[in-house]
Amino acid sequence: MLHLILFLFFGAICVAGAVNLLVQSHPINSALSLIVVMASLAAEYLLLGAEFVAAVQVIVYAGAIMVLFLITIMLLNAGKEERTQGSRVATLIGVPGLTIGAVLVAWTLVGRLSTTRSVSIGALWGAPKDIARLLFRDFLLPFEVTSVLILIAIMGAVVLASRPEAIARRQYSGPRPQETRELVATGKDH
Amino acid sequence: MEGLGPIILSLVTFIPAAGGLLILLIPRRDRDIKVFALVISVLAFVASLHLPVHLHRDPNTFKFEIDRVWITTPNIHYHMGIDGFSVWLVVLTTFLTPLCVLISWTSIHERVKEFFILLLILETALIGVFTSLDLFLFYFFWEATLIPMALLIGMYGHGRKVYAAVKFFLFTMIGSMFMLAAIVWLYAKTGSFDFVVIQNAIRSGSVPGFETASLWLFLGFFVAFAVKVPIFPLHTWLPDAHVEAPTAGSVLLAGVLLKMGTYGLLRFNVGLFPEQAHRNAPWIMVLALIGIIYGALVSLVQPNMKKLIAYSSVSHLGFVVLGIFSFTAAGLNGAVFVMLAHGVATGGLFMLAGILYERRHTYEITEFGGLATPMPKYATFFLVTVLASVGLPLMNGFVGEFLVLSGAFQARPIYGILAATGVIWSACYLLWLYQRVFFGKVKHEVNNTLPDLNLREKTALAPIAIAALVMGVAPLVWLSAIDPAVQAALAPFTQLASTMVGR
Amino acid sequence: MTLALATTTMTAFSQSFLLPNLLAQAQSSIPQSADYMRILPELVLSLFGMLVMIVDPLLDEENSHQSLGTIALIGTLAALASTFWMAQYPGTAFWNMVRVDGFSAFFHFLVIAIAAVVILSSFEYLRVQRIRAGEYYGLILFGTVGMCLMSSAIELVLIFIALEISSISTYVLAGFRRRDAASSESSLKYFLLGSFATAFFLYGVALMFGATGSTNIDAISQVLRSGNVPALAYVATALMFVGLGFKVAAVPFHVWTPDVYEGAPAPIVGLMSTGPKAAAFAVLLRVLVEANAPGRFWLLWVSAALTMTLGNLCALVQDNVKRLLAYSSIAHAGYVLVAFAARPELGTSAVMFYTAAYAAMNVGAFAVVSHFANAGEKYVAIEDYAGLGRRSPVLAATLTFFLMSFIGIPITGGFFAKFYILSAALKSDLVGLTLILVLNSAVAAYYYLRIIVMMYMREPRGEVPVTPVPAAAALAIAVCVAATLYLGVLPGRVLDYAAHSTHDLASDTATPSASSASLAAER
Amino acid sequence: MVPLSYYLVLSGILFVCGVLGFLIKRNIITIFMSIELMLNGVNLSFVAFAAQWHALSGQVFVFFVMVVAAAEAAVGLAIIIAVYRTRETLNVDQVNLLKL
Amino acid sequence: MTPNPYLWLVPILPLAGAAINGFFGRRSSKNAITAIALGFCGLAFFLAVVIAVRFSPASAPYYFNLAHWIRSGSFQVDFSFYLDQLSLVMLLVVTGVGFLIHIYSVGYMWDDDGYYRFMAYLNLFMFFMLTLVLAKNYLVMFIGWEGVGLASYLLIGFWFIKDSAAAAGKKAFIVNRIGDFGFLIALFLMIKHFGTLDFTHVFAAVQTLPTETAGAGLLTAIGLLLMVGAAGKSAQIPLYVWLPDAMEGPTPVSALIHAATMVTAGVYMVARSSAIFDRAPMAMMVVAIVGTLTALFAATIGIAQTDIKKVLAYSTVSQLGYMFMACGVGAFSAGIFHLMTHAFFKGLLFLAAGSVIHGIGGEQDMRKMGGLRVYMPVTFLTMSIATFTIAGFPPLAAFFSKDEILWKAYSSPNGSWVYWLIGVITAFITSFYMFRLWFLTFFGDYRGAIAHDSHDPSRAGAPATHGHGHSHGDPHESPWVMLGPLVILAILSVVGGWIGIGGRFEHFLAPVFQSGAAAELAHETAGEAAGKGTETLLMLISVTAAVLGLLLAWTLYLRRPQLPARIAASLGTLYEAVSHKYYIDELYAVLFVKPLIDGSTTILWHGVDQGVIDAAVNDSADAARHVSDNVRHMQSGNLRSYAGWVAAGGAVVIAYMVWMGVR
């Protein structure tokens, strides 16, 4: 009973945060509401008895990733977003389609689910030890491979975030490309 | 005894292409290239003469057969061989190519090297179409003719050459795609590309699901060939292609490429699907009929010499289709013979038109008139070719048309009668053309100064005239080779044909 | 910055090699040497990737291109060699994470070969476009690792991670032309939509996990072949199809392709239109065919039809060669999907052959394009190709050859590729699809022809420069021509191999007849 | 006692919210956030299913997903910065040089 | 049937001459050319005579197979030649008259630049004509049939500088082609039903068939179709239109081809096919009617013509009508008889007219002639003989032949008095316009202006007509090389008919027309008593008709020359119509030619070809491009739209899969 209440409570916060993310016009607020969502999700994980995941959720997501987001927002001091009408397709086709899909999925999830067994706190024997066993034995390869992933991410970040002029000044010679987008691109060089 | 046996066929087929590749190595001195190309093409011609000379007469097998495994999966063989249908077409190709080389001697100024390379490669592809007995090989050569021809039109043509080239390419491409589907179906069901194997499989009824599919297969092949022939509603690429193409291109286009279509109808549509062919004969013959009369009438009013000849080809090939689908000995013999005759005569006409274009840079008939006075030799050659094309007895045009018509008449009298009106039409448009171009006083001053044929042109034209005459006087030389193949092809039709005549 | 890089490299290094030894005490939890053999190419690739990263700071920008490129090239070649070695050790490794069989070996070889050729064709390009070589080659190598893993992984999670590796590396590579706004935009679009689609895929994985209780392909296929299929599995398949359909650019998930291809550097387009795509097809085969995903027949049928038709239609009026080729690649994806709709034992080998043939010709075509594009990729409009046939005949001839292969003229790989798909489709009586395919390839001839016409039948436009083809690019193009020709003249060996490995796939799964039966049931 | 389907529905809602955000938000960063939202939704269902099947692997997946998400975040934000450099805007509707 | 190895030489010789002159004539001297042409033609004639001398009815017919020509399946055609009484007659006529005209041409064409061409063409014509005559099967006959058409095309258009000549040549060829079309169909019918084209086999097969009473039948069809061919070649209604125009050709050509030989080929062919016609009475009747009508029709036109050659042309048409009338009533021998005599006197007429034209410098309008008998006596003499002959005065050749025809038309079972009546009327008209011509040309006084003024500039391109240095100035007699043939022909047209007396000619030909002749003979013996009396009566009537014609012409054109104009005025439109040949050419132009050209241009070419087919092709291409242009706007470049597509697509996929799942 209590369990259900807790679930509903955190679920409500979670959804509220998600919706808030959508309605807020300033990225900062969206980011914050996203943090709310993540935090409440962590609680839900606890309810499902996944302590480890809950912990990682808070540390990695709320801690690391969102910080990155905030830093970027600050760096680019992104203002309130203007409500431009760039795409009719998104609203006319995407949203209705999305709703249909969502309804159908939900219907399958609720109605046709093979089992609707319910779960209670601590139902899982999710001790970190077992998880470690999984991670470093059964899932050793994915674990190792993630390192490659991270490496790529770092390289990518380094390449893309560094300023192109650095190269340009050193090697550039000959006439500027004339195309408009080139002008847009190089307009910032000096 | 088949002399050189199996090698000769590959030799004939690939001599030109080899020559073309050699030209790649020759430095860009146009004269050497031309001479070399001429030598190669003549060589190919001489080699090809070996075929009819040593051709077995027995109907049921292919001659000079060579059958080697090329690719194991899919089961593709390098299978070549000829019979009465194809042998003369091969010779026709090798016969026309040297003349093409001669005729483009001076008319091609730039990118000479590429031109002759393309020409020779085209020749190989054409021969290959007639010699290959493996459906894949056939399809390969079939497509291979496409590119050099399109390039010849597009690079060396004039006027709306690009439009013409693209139109030519796409028409044929779309058609051949359906053929590819049909071929793949056959392969999927029989596990072989080999013409003979497939034919036997079909005859023995050991192809699963053939009954239901046969109509579609027939149509698949038919569309591809109908575009090439061209049969009536699919013919509009032809005039454009001809008008814009360089002379040599037109000659090979009219002389040989169109025959690929009729040959295909004969070899595959009739050879593989006799029942379907027989069932669909009526409407196909109607189309052929329309082609004959329609083509003639339209060509009657063409202001452009080449367009006129092009439409006349539509009319003439209508005869071929009519003959093929009459399923009578006379019809088929005639059809094949018309192919050859038309190849020679119309090829000649295009060469003549080209010669005139070289001098005046126009094909408009109104630009000429009274040419018989300044260039009598030219006029004479033109007359001979026209008469051959009109189908005057003792000229090659007559024998074929006569046989086709009598065959069609035996099969379906009314068709024969309607088709026979073509005899009148051809006289109308060709003689009218001749009158407008050569008779009367010289209308435009420039035409007074036109030089008559020079030696090169005469040597290019003489073979045409001679061939036209010889084929008309001694057609047996050709027919005696064709007839066995016809008998073989008609074997499955004997009862069908008889019922048809009965109707 | 380089220091940071070096350290991360070391950590990654240590992670991937020392840790197993640390764990060596716990018995039965030690990866055997065979396990390493089965990921040998991946190991080699990442090794050389790191090598590139290490060497990069030591060289100065000016002439680092050649040396780094050479290292990367050697790496790919070594990996290529090691593929054969790997193929000697069929079986699963790392506790059912990867399986080495003919199938995965085939795609390993293909993907690595693509990477090698792309690297080769990039030598000059990087100098002309003033792109930093170190990260470029590194990313290609690491991305290749991801692609390789995609083809051999049989665990959805690993597949997911591998997918991410290849995707992220290509996201970054797409944005490498830093001075060009188009490049970064394409990178952004690719990235956002890519992760959007990945989320769908992931959701599908989750639901599949929920439906079957496992994420191992074999286990899943066991469940899915056993009588009653949970409804959830259908939804899961749908969602995974969305994700993978995006990767292979199937309509309507293709929308990103043209923009990204137009903006990205030409050689990278050559890579990402073939490498990740081939890998994605491999995954699609694993997920749909090997796992015998339910209810896929009409899904594939329709999306195949849509994909090829739409791709060709849009390509008709394109004036930018890269964009045109992008649409054409969509169309070709459609052709491949036709093979997916065919009976598995027939379709699979057709898919494999097609991806190989398409890789050969497409990489080649883009190599030509990227050479011709010149600094800042100025000359990518079709009009710029006018008279190319006269100004550099060889280049034009090779491009024509590739275009012929696209069209499907015999003795090019493209012909047999199309041929096999057709025969597979006809053997499984997909007459409708066959006709659509035939019509499409006829239409397609038109826009490929446009380029040929431009090159041969139009007069040259003066201002477009034609620089002589540098050795490396020439070599790359030559390799592509050779491959296309080889596949077109002697497709036998490759086909046998594909068919054979199809048997692997089919035998890993239950009898193919079962799955085809399930397909038949769906019609 | 909470029926499992509740968790799944919640995850579904989150996922849908993410997609919706992608569709309607204009700011690139926010769009990226909504992708993260979608991933979170997926994570929840992973954990829920893990609970259903009593399979820990479900939780391990979440771990991997987070790692991937982190990597994506790094690259994604870098890309966004690059785009901002060339275009000086974060509005998606204005990032459409490449079209048709 | 006895083989005769010389037969094939007869046609081949002229061909050799043609070939030699054709190839080398341009560079060789005129004498050489003359020698070659006359030599080979003469040889042919000589050979023909030899063959005739060694001809014995007992061993006839002769044949010779030169070589196989066409074979397909069971059907086969050979180059084979055949000689029986019928073809012997034709052979002699053709070679004889032909040779004479060759000689005449030497004089007539000597000054023409195209002399060698002309001679070559003439020889070529001889070759084809002889092939036609000596053919053993219909296809070889067809060679000659088409070949003479070609020759006449070339010779009519000999002065191709003149547009009218070129057009006339084309017209002749095409109209002939229309006839040949019918001929071909007839051949196809034979092939289909008899499987052969060889005369002997075909006729043998025909013999087995019953006589067709109710018209519609195989033989009737064949007969009618053959008649179409004959009508084309022999200028019968409705295909006669080409012959008058053909007069554009040099006069010897008109004499040889369009009077003596080629135009009679149709008659020969019908006679040759007598076996078929005998069993197709319907077809016979058609032949007779066509012949009769043509005879009358052409004659009426002949009245009002002013061009001397045109008059002769129409008279030729009308005389051919007589021959067909004869064939039509089953009197083939009579037809052939008239054919022979006609060859003599009509050839003579033309040659004489040619000599006149030649003598007064190319003038052909009779109104510009007159009183020429003093200038050119020989021509006058011969011309007079010819005129009286054609008018049918006894005992000249035409008297016998024409009378024979009229009698058969009246008496034979298929005949009737109607044919006879029209025949007599025609005879009257004939003699009228012929004497009109005679009086206008030779009597009165010379109305021609000074010769060189009389030159019609349009003739500038035709050197032969004014090539003579001395042709300017007064009219003059022609050289003997031209007069010689005139004289010979004149003699022939006097004595030529006598061989017909007492039905000798008919009995000579009897073996050829077995069935038909047999029928007639039977009939004659039956109506013997009545026969003789009526025959003489009818003979008298026709002679009177001729005399009346003479008198009328005399009154109108000699005694009261102003009368014709007044009559013409009073007749008004009728006269107009007659003088314009009843506007037939114009009618054809409106009915066939113009609709054909316009229809092909507007409907077929611009309409179907460009308007429908090409338009369809191009439109579909444009449509594709258009669709593509719209479809690609799906690619708006906006990220959210793309996401929208993905989401929507995903929704569809999910929906489908859910449905699959719950199904």
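Order of writing sets the chain letters: A, B, C, D and E. Residues in each chain are counted from 1.
What we mean here is this: a residue touches a chain if its C-beta (ideal position, glycine included) is under 8 Å from a C-beta of that chain, and two chains touch if they have at least 3 such contacts.
None of these values were measured; they are calculated from a predicted model.
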* Going by the stated contact rule, which chains contact subunit B and subunit E alike? -> C
* Could you give the fewest steps needed to travel from subunit B to subunit D through chains in contact? -> 2
* Structure fact -> Farthest chain from subunit A by C-alpha centroid distance is chain E
* Asked: What whole-number Å value describes the gap between the mean CA coordinates of subunit C and subunit D?
  -> 25
* Asked: So what's the Cα centroid distance for subunit A and subunit C, whole Å?
  -> 27
* **Distance between the centres, which are taken as Cα means, of subunit E and subunit A, whole angstrom** => 100
* Structure fact -> subunit A and subunit B have mean C-alpha positions lying a whole-number Å distance apart equal to 68
* Structure fact -> By the touch definition above, subunit E meets two or more other chains at residues 632, 634-641, 643-650, 654, 658, 661-662
* Which subunit A residues sit where two or more other chains touch them? -> 86-87, 90-91, 94-95, 98, 104-105, 108-109, 112-113, 138-139, 142, 146, 149-150, 152-154, 156, 158-160, 164, 181, 184-185
* Asked: Taking each residue of subunit D in turn, which ones touch at least two of the other chains?
  -> 8, 18-19, 22-24, 26, 31-32, 48, 52, 57, 60, 64, 68, 71-72, 75, 79-80, 82, 85-87, 92-93, 95-99
* Sort out which chains touch which and give me every pair. => A-C, A-D, A-E, B-C, B-E, C-D, C-E, D-E
* Structure fact -> Contacts from subunit E onto subunit D in the complex sit at residues 632-633, 635-640, 643-644, 647
* **subunit B residues touching subunit E - in the complex, by the definition given at the top** => 167, 233, 235-236, 294, 297-298, 300-302, 328-330, 333-334, 370, 372-373, 387, 392-394, 398-399, 402-403, 405-406, 409-410, 413, 416-417, 420-421, 423-424, 427-428, 431-432, 435, 438-441, 473, 475-476, 479-480, 483, 486-487
* Of all residues in subunit B, which touch subunit C in the complex? -> 71-74, 111, 136, 139-140, 143-144, 146-147, 150-151, 154-155, 161-162, 165-166, 169-170, 173-174, 177-178, 180-181, 184-185, 187-188
* Any idea which subunit D residues touch subunit C in the complex? -> 8, 11, 15, 18-19, 22, 28, 31-32, 35, 38-39, 41-42, 45-46, 48-49, 52-53, 55, 57-58, 60-61, 64-65, 68, 71-72, 75-76, 79-80, 82-83, 85-87, 95-99
* Asked: Inside the complex, what are the residues of subunit E that reach subunit A?
  -> 634, 636, 638-641, 643-652, 654-655, 658, 661-662
